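The chains carry the letters A, B, C and D, assigned in the order they are written, with residues numbered from 1 in each.
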Amino acid sequence: MTATLEGSGVAGAELRGDFAISVQNLAKHFPIREGALQKVAGHVRAVDGVSFDIRRGETVGLVGESGCGKTTLGRCVSGLTDPTSGGVYFDLTTAERDRLGEIFDVPENGRNAEMVVELEEIDRLHRIDRIKKQEWLRYRRNCQVVFQDAFASLNPRHLVREIVGRPLKVHKEASGDQLTERVVELLERVGLGRQHLFRYPHQFSGGQRQRISIARALALDPELMVLDEPTSALDVSVQAQILNLLNELQQELGLTYLFITHDLSVVRHMADRVVVMYLGKVAESGATSDIFEDARHPYSHALLRASPDVDDDPAAALMTLEGSVPDPARPPQGCRFHTRCPVATARCGWEVDDVVRWLEDEPGMFDALSDVTRVDAFTADLVFADESAAAKLEAALRSGKMPEAARQALVEVRRDGARTHIAFTPVSEVKLTRRGPGHEAACVLDLTLDRV
Amino acid sequence: MAVETASRVSVAPLAGGLRTRLGRFGEISREVLANPTTLVGVILIVAMIAMAAFAPLLIEPNTPDPYQMPRDWGALNEPPGTPGHILGTTQQGGDVLYGVIWGARISLRLSIIVVSVTVLIGLVVGSLAGFLGGKLDEFLMRLVDVFLSIPELIFALAIAAVLGPSFGNIILALAAVFWVKYARIIRGQVISIKQNEYVDAARVIGDSGLRIYMKDVLPNSITPVVVQATLDMGNVVLIGATLSFIGLAEAGLAEWGVLVSQGQAGISAGRWWASTFPGLMVFLWALAFNLVGDGLRDILDPRTEAKR
Amino acid sequence: MTLAQASDPARDTASISAVASVVDLRVHFESKAGRVHAVDGVDFDIRDGETLGLVGETGCGKSVTARSFLRLVPMPPGIQAGGSVLFRPHHRCSNCAGEGCLECDGSGRLPIECPDCGGTGCPSCGDTGMQTIDLSTLPEKELRRIRGNRIAMIFQDPAKALNPALTVRDQIAEVFYQHRTEEVLERAGTAGGADLLLHRHVNQRSRWPERALLSLPPLRGRRNRVEEVVDEMVAAALAETQIPNPTKVMDRYPHELSGGMKQRVMIAQALACNPDLLIADEPTTALDVTVQARIIELIKDLQGRHQSAVLYISHDLSLVRRVCDRVAVMYAGRIVEIGVTEEIFANPLHPYTRGLLAAIPGRGHGRGQLVAIKGTVPELIDPPPSCRFVERCSFAVDVCASLDPEIEFGSGNHGVACFIHNPPEGAAEVPSFSRRTS
Amino acid sequence: MQIRDYVLRRMMVLPILIIGTSIIVFTLTRVGGSPIGIYLSHEMTPEEVAEIEERYGLDDPLPVQYLTWAGGMLTGDWGWSGVAAAPVRQVFPDKLGATMELSVAAAIVAVSLGIGLGTYGGARRDRLPDHFARVFSISGAAMPIFWFGILLLIVFGVGLGWAPIGRSDADLFASIAHPTGLYTVDSILAGNWRAFVDAIWHLVLPAIALGFGTTAIITRMMRSSLVETMSEEYVDAARAKGLPEKLVLRRHARRNALIPTVTVIGLSFGFLLQGTVVVEIIFRWPGLGRWMADAVLRGDQATIMAYVMFTSVLFLLVNLAVDVMYAYLDRRVVLGA
C-alpha cells in the first residue's frame, strides 16, 4: 500500500469504538398496496428484527436463500435504505453496545422513561440514519459497497478514470493529474493498470469490471466494505481471482468485510463468522467452523447439506427440504422455519396458516374452503362449503396426514357441521440462544445436528 | 496474485478520453451510415436542410416578405416544364418551385423551434416528476394524462383556432401539444435509471442528489428522447402542414400545407402539380426523419448498445 | 503404463451402445468482428441410460452444443460449419413391455434396428446395426417427431422457458397432443381416425371455425372427453415430479408458481413422452440451494425410473460430480477432457480441469490461497491453430501455441487433449506438469 | 392486485381526466376572446353587446361560467352551432354516423391488415416480406393524410375517372330508414343492394386514405413486438416440444406479441379520429371532422368545444377498454402494477 493511499484520510476520519458496526434489532418492512385505492394491505417483512456485530478487521458472512432479506440488510448497513425500526450503529464501545442490547431486549411498550432517553441519546450519536451530517459523512467514507453485478454498478457512459476517481472528486481529495495518478495507484492495487484509464466498462470482462468496482470502493480508504454477492456473477476461475484479491486487500489494509452471499463454499472460504438468515430473521450465527461443523439450527444444517461441495462424498444424497419458503408478508409464528423443518416439535409455532397451507396441497380441499374466521394466529374456525370436506379435515388433523408435531400442538378440534374449530398451543417467537462461545441459534431444541 | 491480462476482448487502448468519446460518436455515426435505409434518410435530411439554408441562393427571394409566394399574374396554372416555372404555377400564379424551396425553410424553422422548446419543457417536467417523485409526480402525471387524452392534431387545431389563423400560432399550438410526450418519456426513463446499481454506487461514495442526477441519471435517460426528437422533427412538420392545409396559416404563405390546400381546387380540372409537389416535400421530410429516427432507435437500443 | 500406449485411435471405444453421438460438431456465429467459433470440433457419445455432464465456464460452447441436438441454434447468425449429431432412437422392449427385463438391461427400452441392414451393420448406421438418425440434416418435419418426444430439453430459467400467457395444463397438453395423438383418441374412445374434425383438433391443426363446431352440442361431448383424457395425462405427468395437488397446479399460470415449482413443470413437460435422451441445460442455476437439491434428487430419481440418458450441462463441478456418470470438460469450443466422473475428479489430466478444480473454494484451501486461472477466456474469433488454453496455461511451451492438440484416449476411456499427455512427434520441447513456464 | 381492482382503479381516474380535459377546453375558448364573437357585428353598440353577454351569462365569474357550460354538456345542452345554424345536439347524431362509418371501416382494415402484415414481416425477419413491412410502416407513418387523399383523388378521380366524392347518392338514401346512421348497415337492413354498393363505393377511397397511417403504426408495432417475442426462450421451448412452426408462431409468439400491440391499437385510435378532419375535407364527407374544420375557421366555439370534448371522452373510453383487455391478456402486468 502506498503512502498516498494511506495518508489520504482526513484527520479523524477513521471509525472509532470497539466494533466496526453493530446492527441492533433492525427491521425493514415494505408496504404492499392492494385494491382500487392502493391502500396498504400488509407489509413484506424483508428484515424483521436482526442483531449482530461486526468486529474490526473480521469478515462476517451473511448467508441465506433469495428473499431471506440479506440484500436488504446489506443496503441498510450501507445506508442506502433507512430501516423501519432498530438500526445500524457505529463508534460504539462494548459497554454502550451491551446497554443497547439490554434496552432492545425489553419490548418497546415496556421500556421506562430512562431507557427511552438513553436510547434516544445513543441513537443521536451513533445510529447512522440519525447522526449529524458531519458524522454521517465520516461513516459514508468508511463504509463502501461492492455490488453483485459489476456491469450494472458502473455507469456505462463514464470512463474508468471518472468511475474510480469520482469518490476522490466528491470528497475533494484530488483533481487533475493528481487524481489520475491516484486512480492509477488504485487500479494497480486491484491488478489493473494505467492502460485501462480511458476505457468504458463494456470494454472489460466480468472479472475486470469487479476489480474496477473494488478500486472505486477502496478510493476513500474505507474501513468497512459491504460485499453484496461480489462473485456470484463470475465463473469459478475468475471468482478465485477476485476472492484472492479481496483477501489480500483485507490483510494489507485491515479491512472489515460484510460478505453477503448465497454460496456456502465461498462463505466458508472467506468468513470468520457467519450469520445465517431465514425469512428476515437470524437463524444462527457463530464462528465459521461452528456453523459448518456444529450447526445447531436445522435450517443451517439443511442449507449445508443441500449445497454440494467438491470435498464431500458424492455418493451421499443431498438433503432436501419439503415445501417452499412461506410468504414474507405473513411469516409463520414461533420459529419461522417450522413449516419445513424436518425435526419440528410441538413447541415450534404450529398455527392456523399451517392448516390452510396443508389444504392448498390437498386435492379439492382448498376450493371447498369458503371462509376462515380467526381469533388469533393459533385459533380459528374454518368454514367449508360442504360437510364432507370439514369431516375430511377433522379426520386428517387426527391422523398421520398432518405432521406428528402439529398434531401434538393441536389443543382443540371441534366440528360443527361444515365448520371446524381448531386451536393450537400459542407459542411466542423463538429467540436466539447461546450454544457456545459466540455461537447462537434460534431453535427450541438443543441438537447436535450431524446426528439428525 | 493472478492478474487478468489486457485480454483480446477489449479494443486497443486509445490515447485519451477525448478520442474515446469521439470514437463512440464515430461508431454510432458509422452504424447510422452502414444501414442503407438510414443512409437514405440522412441524405434526404442533408439535402433538404441545405435547400432550406441556401434558399435565397437557389431562388430569388420575394420582396418584401420572402415567405410569401410571389405572384406571376402572367402565368396562371402553368403546367410543369414551363420556362421559369419548372414545377408549374398555382391558380394565383405562384411558382410551385419557390414554394417547395422556401417551404423547406419554413418547415425547418418550425421543427427546430417546436422540438427544442418541447424537449426542454419535457425534460424539466419529466425530471422533476421522476426524480423527486411523490405528490409532485402524481400531479404532473395527471396533467400529462389530461393532455394526452385529446388527440394531438385535434388539440393543436383547437388551440390554433382559438389563437387565430397564423403560422406563428401554429408553432405555439404545436409546442403546447408536443411537450407532453417528452415529459412522459423522461419521467419513465428517470424512474428506471434511478433503480440502477450505479446510482446506488454514486450514493455510496457520498455524491449529492443533483450531481447524481446530472452525471448518472440524465445522460443515461436521454437516448429515447433523442430518438423521439428525431421522429418529431418530421412529425411536427407533418402536423404543422396539416393545420395549414386546414386553413390555419396565412393565405399566400410559401408553406407546403397551404400550397396543397390551394392546389386542391384545380385537381378536378387536371392540374395535379400544385398539390403534388409540396405534398411530396412534406412526405419526404417526414420520411427522412422517420428513417433516421427508426435507425437510431435500433442502434441506440440499450440491449445492443451494451455489447458495443 | 503410459497413456500413449493405451490410447485408442480417435474415439472412445464404448460408442457401440450410444444413444447419441456428437461427431466433430462445429457451430460458428457470424458477427461484425468476424466468425466466432463457438463450438469447434466437438466429439462425444452419450451412452444408453447414462448421465453425461458437460461442464465449462460461460461462453465455452456447452449450451450451443446442447441446443444443436434439437437444432435450436438460430441460423443465421449461427452456421453449422461441420460435423453432425447422430441419434439412435429406441422403442419399448417387446419382451417386457417397458417393465425392464434382462433383454433390455432393465431399461425397458431397446434400440431400433437399422432399417437398411436389419441390424448386421452397414455404412448408414456406422456399423452399429442400430437405426441412426443424423439430426443435423434431418428434414424439419421428421425432426419435429423427435423433439419433445424422443429427445426433450429442460431449460435454464423456467421463468423464461414457460409461456407466461398459457396455463401449465395448456403447455404440457401440447406435448401429448403433438406426440400422442392416437393414444389420446384411443383413450377417449374415439380412435380410428373416423372423426376427422376431432383428429385435427387433437393434432392441433384445427382453426377457429372447426373449434367453434367442436364446442357445439353434437361434438362437444366427445371433445370434452378428449380434454378429460389429456387432463388426466397432464396430471399424471405433474404427479410424477412430486408436485402436490397437480389438478390445482394445472390451472395456474407460470407466474403464480415458485421457481422450484416452475422447474418441476418443465421437467414434467420434458419427461411427458418418456424420451430416450433428456438434455438439461443448467436446470438449477436459477434456483436456490435447497430447491436445487430437490430438483437434482428429482432428476436423478426420474432418470433411474425412466432409464433415459441425460446430457447434463452445468458450470458447477461439485454438482456435476454428484449427478453424472461421466463428465466432459469444455473449454473455448472444444472438449479438453472426458472420462468417468470419479476418474476426472481424482485424476484430472488437463491443466484446465486441474485449474477449475483448484479454483473452487473448498475445505482444502487456506484463506486467500485459491489457485486461480490467470486471464480470461479467449475470444473465439477466427482462432489460430493452437491449444485454446495456451494463454492461460501455466505449463505451456512453444509447441502449444503452434499446434492444436487432439483428444486422445487412455486407460478407462479417459480422454484428454493436451500435449503433456500426448506429446506431438518431433517437438523441440514438450510441456510437463513438473515445469511451470509462467 | 386483482384484475377487478385494476379496472376499478382505471375507472376511478377516468372522471378526473374528463374534468381535466373539460377545464382545458373551457380555458382555451375563454383565452381566445368572447365566445359570441361570431354573432357580433360592428354596428352593435357596447350596450347591446353587454346585454347579449348578460343574457348568455358571460359576465359571471369564470368558475360559474365553467359550471354552467359543464352542466350544459352533461344535460345535453351543447350550445348553438353557428356553422350548422342549428343546436349542436341536433346536428351531432347525423354527423357522428358519417364519421363513425368512416372510422370503423378504416379501423377494421387497419387492425386486420396491420396485424397480418406485421406478423408476416416479423416472422420472416430480415427477409423480403420483413423489408416490405418495414418500408410500408415507415412510409405510412410519414405520409401526410391530406396529400395521400389528394393523390388518391388524382389517380382514381382524374386519372381513372371514378372519383366518388361525398358520402353517397342522396336520392338512393332518401328512401331508406336510418336506424343506425351507418349507410352500409342501413342499406343492408333495408335490403337495398344498390344502395349498399353505392355506400361501399363511396367509402372505399376515404377509408383507405384514413386507414393508411394507422395500418402503418400497427404494422410497425406488431412487427417489432413479434421479432422480440420470437427471441424469447419459451418460443425455443415450444420448438423443443416438437410443435410445428405454424403453431409456435400462432400460439406462442403471436399471442404474446399481440399484448403490447393492443395498447398501440388503442392509441392509434386517436390518430384515426384526428385523421377524419382532413379526410372529410378532401372527400367532402359530411361528418364531424369537416364540421369541426369549418367551425375552427369560422370561430364557432360551441361546436369546437363539443367536438373536442366528445372526441377526447371517446378516446379515453377506447383506451380504458384497451387497458382492460391488456390486463386480461397479460396478468403479470396487473400483478406487477
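Details
Rule of thumb we're sticking to: a contact is a pair of C-beta atoms (placed from the backbone, for glycine too) under 8 Å apart; a residue touches a chain by one contact, two chains touch by 3 or more.
Note that the structure is a prediction, hence the values are computed from the model and not measured.
Touch-path distance (fewest steps) from subunit A to subunit C is 1.
Comparing the chain pairs C-D and A-D, the larger number of C-beta pairs in contact belongs to C-D.
Chain centres here are Cα averages; for subunit A and subunit B they lie 50 Å apart.
Inter-chain centre distance (subunit A to subunit D, centres taken as mean C-alpha positions): 54 Å. Averaged C-alpha coordinates give centres for subunit B and subunit D that are 24 Å from one another.
Residue positions of subunit A touching 2 or more other chains: 205, 207-208, 238, 241, 244, 248. Across the assembly, subunit C contributes residues 372-374, 376 that each touch 2 or more other chains. If you check the complex, the residues on subunit A that touch subunit D are 34-38. Against subunit D, the residues of subunit B that register as touching in their complex are 37, 142-143, 145-147, 149-155, 157-165, 234, 238, 241-242, 245-248, 257, 260-261, 263-264, 267-268, 270, 272, 275-276, 279-280, 282-283, 286-287, 289-291, 294.
Subunit D meets subunit A in the complex at residues 1, 5-6, 8-9, 12. Against subunit A, the residues of subunit C that register as touching in their complex are 57-58, 244-245, 247-248, 258, 260-261, 288-294, 296-297, 315-319, 321-322, 341-342, 345, 355-365, 367-374, 376-377. Taken in their complex, subunit D has these residues touching subunit C: 232-234, 236-245, 247, 251-252, 255-256, 259, 329-332, 335.
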